[in-house]
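The data blocks that follow each hold one structure.
Both complexes shown next keep chain A, but they swap its partner, so chain B is in the first and chain C is in the second.
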Partner chain A sequence: MSEAGGGRSYFLGKLIRYSLTLFLILSLNFALPRMMPGDPVVNLLGDEALHNDPEMIEKLRAEFGLDRPLHIQYTDYLRSVSRLDLGYSIHKSRSVADLMAYRLFWTLVLVFPSIVIGALLALLLGALAGFKSQSRTDLMLTGLALFLYTCPPFLLAMVLVSVFAFHLGLFPLGNLTSGGRTGVEYIADVAWHLLLPVATLSLLGASYKFLVVRNSVVQLLEEQFVLAARAKGLREMEILLGHVIRNVLPPFISMVALSFGFMVSGALIVEIVFSLNGMGTLVYDAVVARDYPVMQGCFLVLTVSVLAANLIADILYGIADPRIGRTS
Partner chain B sequence: MKNILQLLACCLILLCLSGLGLASQSESSGSQERISKLTVGTINQINDANLWDYYFGVYSMMLSHQGLVRFNNNGDVGPELAASWDTEDLRTWTFHLRDDVTWHDGQPLTAQDIKFTIDYDLEKDPLSKSYIGTIKSVEAPDNKTVIITLEKPDYNFLNTIAVVKMIPAHIFKSVAEPKKFNDREAAIGCGPYKFVKFDKDAGTVTYQANDRYWGGMPAIDTIELRMFKNPDALMLAFQKGEVDLPYYYSKGISYYYVPNLLDNKEIGIEVYPERGITNVLWFNTAKEPFDNKELRLALSYALNYEELKNMFTAGYGTLPSAGWVPNGTLYYTKTRILTYDANKSRSMLDDLGFKDVDGDGFRETPQKAKFQPKLLTRSDLPDSIRAAEMLKKYFAAVGIDIEIDLADKSTHGEILDEKKTHEMALAGTTFWGMIMGEGYGSGYTDSRYYGWSMVDDPEYQSIVDSLGSTQDKRKREELAAQIQEYYAEQMPQFAVYSMNIIQPYNANYAGWEYNPLHGILSYGTLNKLHEA
Partner chain C sequence: MIWYDRGQILYKVSPLRLAGWLILIFFLLLALLAPFIAPQDPCKTGAPYLPPSSDHLLGTNDIGQDILSELIYASRVSLAIGLLAGFMSIVIGVAVGLLAGYFRGWVEELLLAIGDLVLLVPGLPLMIILAAYLSPSMWNIILVVGLLWWCSTARVVHSRVLQLRNMPFVEAARALGCSDRYIILRHILVNAKEIVYAKFALAVASAMLTEASLSFLGLGDPLNISWGEMIHFAFSRGGFANDMWWWYLPPGLLICTSVLGFVLISMEPKSRGKFLEL
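Showing the complex of A and B:
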């Protein structure tokens, strides 16, 4: 088989596998919420309603299409998904698409910079710590990273709020804006509101990636090609940037790519502490209330996002290393 | 690289400084006479300015919308849009409306609006059937008279109609799907405050005093609701002075926060008696062996109520009484205080035949079968989980091994409200819940309503039915005493502990008044709040 044919069949195989995965996950998205105990309608009614007669519950079920046989609901669900119609929230009186568009926007505003800043911090400081292994800098940075890595996100977020927002008064205690601003003022206000949550997420994200980068650098420094580079008389910084970091990058990129894939799931704890409207709290509220359409919509977007990130990573690997996908 | 980092750092600092500057500009100065702005912090989440959004509906009822009648500070029903009402048979109710009420857009309120609201609710919202499903017809013979006919006589109807907020017919008559109607007009009411805006990004809802309000201009110009997603951030904002009033619908704050607040001179704290019950142990009396009142009574002696009160309320609570309904309820009857007597509990269990046959330290049933009842409670309420653990310890001490069954809110609701498969459950009640059914907690008890304890005893149901059909005050007092004595004797459920409502507030303002349904955001507060 020719090289081009091998590449095509590799990508075709990948596409088929991804399509199958997507279909399976779509089916799980439908089945899992319905397999959970609890009922969205009883939940909607609450325990303070005066009467809770079965006729009324049935009428509500019919209103949300939950009275039909499961296979009919399933085919309707697949049909709606194919039309990108995600339905209407049972609890929030809004279309799922509207709810998600708003939450997704703010989630991306919050999480995207956090991943980028966290990744850059991890790469720079991880490389430095690895390069100066066993030095005071390494011990300090590694100790700090381990502390942050083991620190519960809620605790870290509350400590930052308590110190910087409550005691020092430098930042607001929560929410996305102060309200009533437009234009540049609005953007500045949003940045001021998001600085602490972004800092929290960046630190948490950086701590894990830092340890991976640091350990990779320490291992790579023992490799023969580093010895050869030193023997050739290259300066230490040239070895680090030109040879060691280049070898750290592939696993680092896949780790960051995965973070981007999961980005749309939001950051539940940080959203709760800073009172932000993101995907994390939307998913959480939907699960608690058994809001099937919202759960399905959120999980669908999360699935597509993770699959897309993986697919892109696969394609990039294929391009970066043509040996991948070649038939033997 | 260094230059880029420096540039980024400068941009970040500039952004922060500009934000800080803007924030300081937005601070408002208070007026000497009227309160210019009251910021109410809450963890209740409003999703849209839509009356069918649960919490927007709740706050609308407090501020912008009104019903025919309203709960006053004693927990009784008083006039609101209806100046008076009369009924002869508790089935046909005639309401005589005030003639000086206008909607926020200036249109007069008429009897047609009341008829429209009830018919519209019943047609468009299946949920409304849980409140007003017993209404057979509504008539508006003239602009100021409304006649409501029920399926059957119901003394408690005033309590029910009190929570139905009236909406303007001229706005909603062309709205086919109210849950999707998020226009600003959707929030037009006739109450003391007008809805101004909902800022989702800032998490705020703003209301402005209605200068044409029939009850006179309220004392606060602007009320801003500020939403938080966690109580800790809310309490920090309160201590920092960004929030004047931390408000939880039908609840107070946790006692954990009190020591910090006591040191702050800007903060005042009031403690109000709770008209619901924080945690109740429910028995499914339709299931063996919990249909046996002696067993329920024996289990009631196993609990150390004093210890529970100290542990879960830090002294801000009350010892429960056997008559179950909270002190402060109309026609409250004094019954014995529940006491801890493990020996008595053991002896009663022995007499009932619950003995440890296999020597494992736990009792078996009189039929010598394993006895390990399940105690259902909510997994998302930390205090309920802790209380369930304490109950397990108390029951183990008298030889009863219980299994704690944790369920999230939805599963808990499905088991307790719909399937009724529970054996025992630990859950609280609210003021509104206690007046459900025919009052005195009958909605929670009677199997014909929610019936968490599934009581279908004809003696009990006869008292409940009589409460629903009796107007005579003396007779009602007797019935109230009877139902409380029934609880004390039969113990289909009993309170484990009850926490009072701890309500902190900005001490620079005075004139706060508490209402059992709306809490401190009562009309008394809205009308009388002033600088201290």
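Showing the complex of A and C:
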């Protein structure tokens, strides 16, 4: 296989894989309300639909095409999804797409800085702990990371709110802004409100990556090429930065990309504790009210964003490391 | 000293693992002996929202139940869900890993592709939607968590099987005319068992954390209260807003400790407290 062809088939393979996942997710989203226990009308419209009289329910059934054969329902469904028509929430009397429009933005505002900060934190501290393995710094950092890894997201968020916002009064208890501000002041206010949630999510994301980086650095330091570098008279810092970290980076980057789904899951929970108006609070309200259209819409949108982020990361990774996908 | 020197031990139990086992034995006793340890009946109601006192060491909740007793009984639910969901995910993961690694070819391609697909989808939103459609019960939570947490086990077992399948003793067994089933069960599975045990402990830890998040969102079993669900009630019924830390902090710390126990026993004894790929 030629080298360029190897690269192309790598991207093609990725593209096929992601399209297949997207197709499966869409099908799952179509199938769930129709095959799960309960009346599909309720599953598609939420519990509130039952408050209508039987005649109205039959009318709704016809309107949503539930009396038609499945394959026609399926093509109709795909058509409406492509128009970004994700259904209607009777509970909130608004269309699901409208409900999600700006909430997705805020969830991403929470997730992206957390991924970057968490990854940098994990890389720096993990390299430090691995480099000085068995030292007191290493023990403390590893212990802390292990504790954070075992900590459910909502617990860490609750403890941070309780200590820093409730008792010390350093940060707001929740919400995105105090309101009534514009321009730079508004952005500073939002940053102040988002500091604790971003810190929570960064710490949660960093804990697992820290453990992985630390272990790979410890392992790499035993390799022959490190011995050779030492024999060559390189300083320890040069070895760490130029030889060890360089080898940790490629798998680390793909790990960070794959953690996007985990971070979105964490963000949903963190948002609820900090009562931020993002996807998490929307999902929470929908779960409490059994508002199925909103839940399904959120699931679809979150999954598609995670897939998109992973696809972009995969493409960047393929460009950054041309060895990928080449069959040697 | 937590980290020990290389080559020092093969047979001695590492202190970290020992700590993990002690933690787990403590929780197992707590769950099994709950009726004898709990000071009161966890279902008995009384005066609500009491702060800790000599009568109620951790106060009472919104319907006046003794929080300490509820906490002790909840250990049964949390551990049972974690162990059963972990077991289910390990059975699926090991089966997929063994079949994919042993038979190769299109079986491998298909099984690994399915695993990759499940791995790509963000777990929590999918579990929320599945749990919301099913009726809220302990068994449905076990089913949802167990069905979606097997991919990393399958990958690790698969790569171990790839190492094993061309080893001389496996080839010898094949030359002797042993059936595939016999080779997989008697030779390959046996040699992968350490990975399976470690992965089982980690799967239980992940299952407990996932269950806690689902219960926190209010998708738990209302008849079998778990630690995560206690925090859900503390959060949604004023315990958190009124700073009643004795209500939400103890169940949270018990989740952390028990998960830590499972993570600790999964550590490899040979390579200096190295964490298996989590």
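Rule of thumb we're sticking to: the second predicted complex is superposed on the first by the 232 of 328 C-alpha atoms of A that agree within 3 Å, B and C clash if a C-alpha of one lies under 4 Å from a C-alpha of the other, contacts with A are read in each partner's own complex, and residues count from 1 in each chain.
One rule holds in what follows: a residue touches a chain if its C-beta (ideal position, glycine included) is under 8 Å from a C-beta of that chain, and two chains touch if they have at least 3 such contacts.
As the structure is a computational prediction, the values presented were derived from the model and not from experiment.
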Partner chain in contact with A:L24 - chain B first, chain C second, else both or neither: second
Determine, under the contact definition given at the top, whether A:S93 touches first (chain B), second (chain C), both, or neither. first
Who does A:E271 touch here: chain B (first), chain C (second), both, or neither? first
First (chain B), second (chain C), both or neither: which does A:F262 touch? second
Going by the contact rule set out at the top, does A:R181 touch chain B (first), chain C (second), both, or neither? first
Is A:V288 touching anything from chain B or chain C once the two structures are fitted on A? First, second, both or neither. both
Would you check which partner chain A:R8 touches, where first means chain B only, second means chain C only, and both and neither mean what they say? neither
Please work out whether A:R235 is in contact with chain B alone, chain C alone, both, or neither, and reply first, second, both or neither. neither
Just to be sure I read the superposition right, which of the two partners does A:F166 touch: chain B = first, chain C = second, or both, or neither? both
Intersected contact list for chain A, partners chain B and chain C 36-38, 43, 158, 162, 166, 272-273, 288, 290
In the complex, the residues of chain A that touch chain C are 17-18, 20-21, 24-25, 32-33, 36-38, 43, 133-134, 139, 146-147, 149-155, 158-159, 162, 166, 208, 211-212, 215, 218, 258, 260-262, 264-265, 268-269, 272-273, 283-284, 287-288, 290, 292, 295-296, 298-299, 302-303, 306-307, 310
Counting only contacts in the complex, chain A reaches chain B at residues 36-40, 42-53, 56-57, 59-60, 63, 92-94, 102, 106, 158, 161-162, 165-166, 169-181, 185, 188-193, 195, 271-277, 281, 285, 288-290
Spell out the residues on chain B that touch chain A in their complex, using ranges where they run on. 12, 15-16, 18-20, 22-23, 26, 45, 47-48, 50, 52-53, 126-127, 129-131, 133-134, 160, 179-180, 199-204, 226-230, 232-233, 236-237, 239-240, 242, 380, 407-411, 413-414, 416-418, 430, 432-433, 436-437, 443, 449-450
Which of the residues in chain C end up touching chain A in this complex? 2-3, 113, 116-117, 119-126, 128-130, 132-135, 205, 209, 212-213, 216-219, 228, 231, 235, 240, 243, 245, 248-249, 252, 255-257, 259-260, 263, 272, 274-275, 277-278
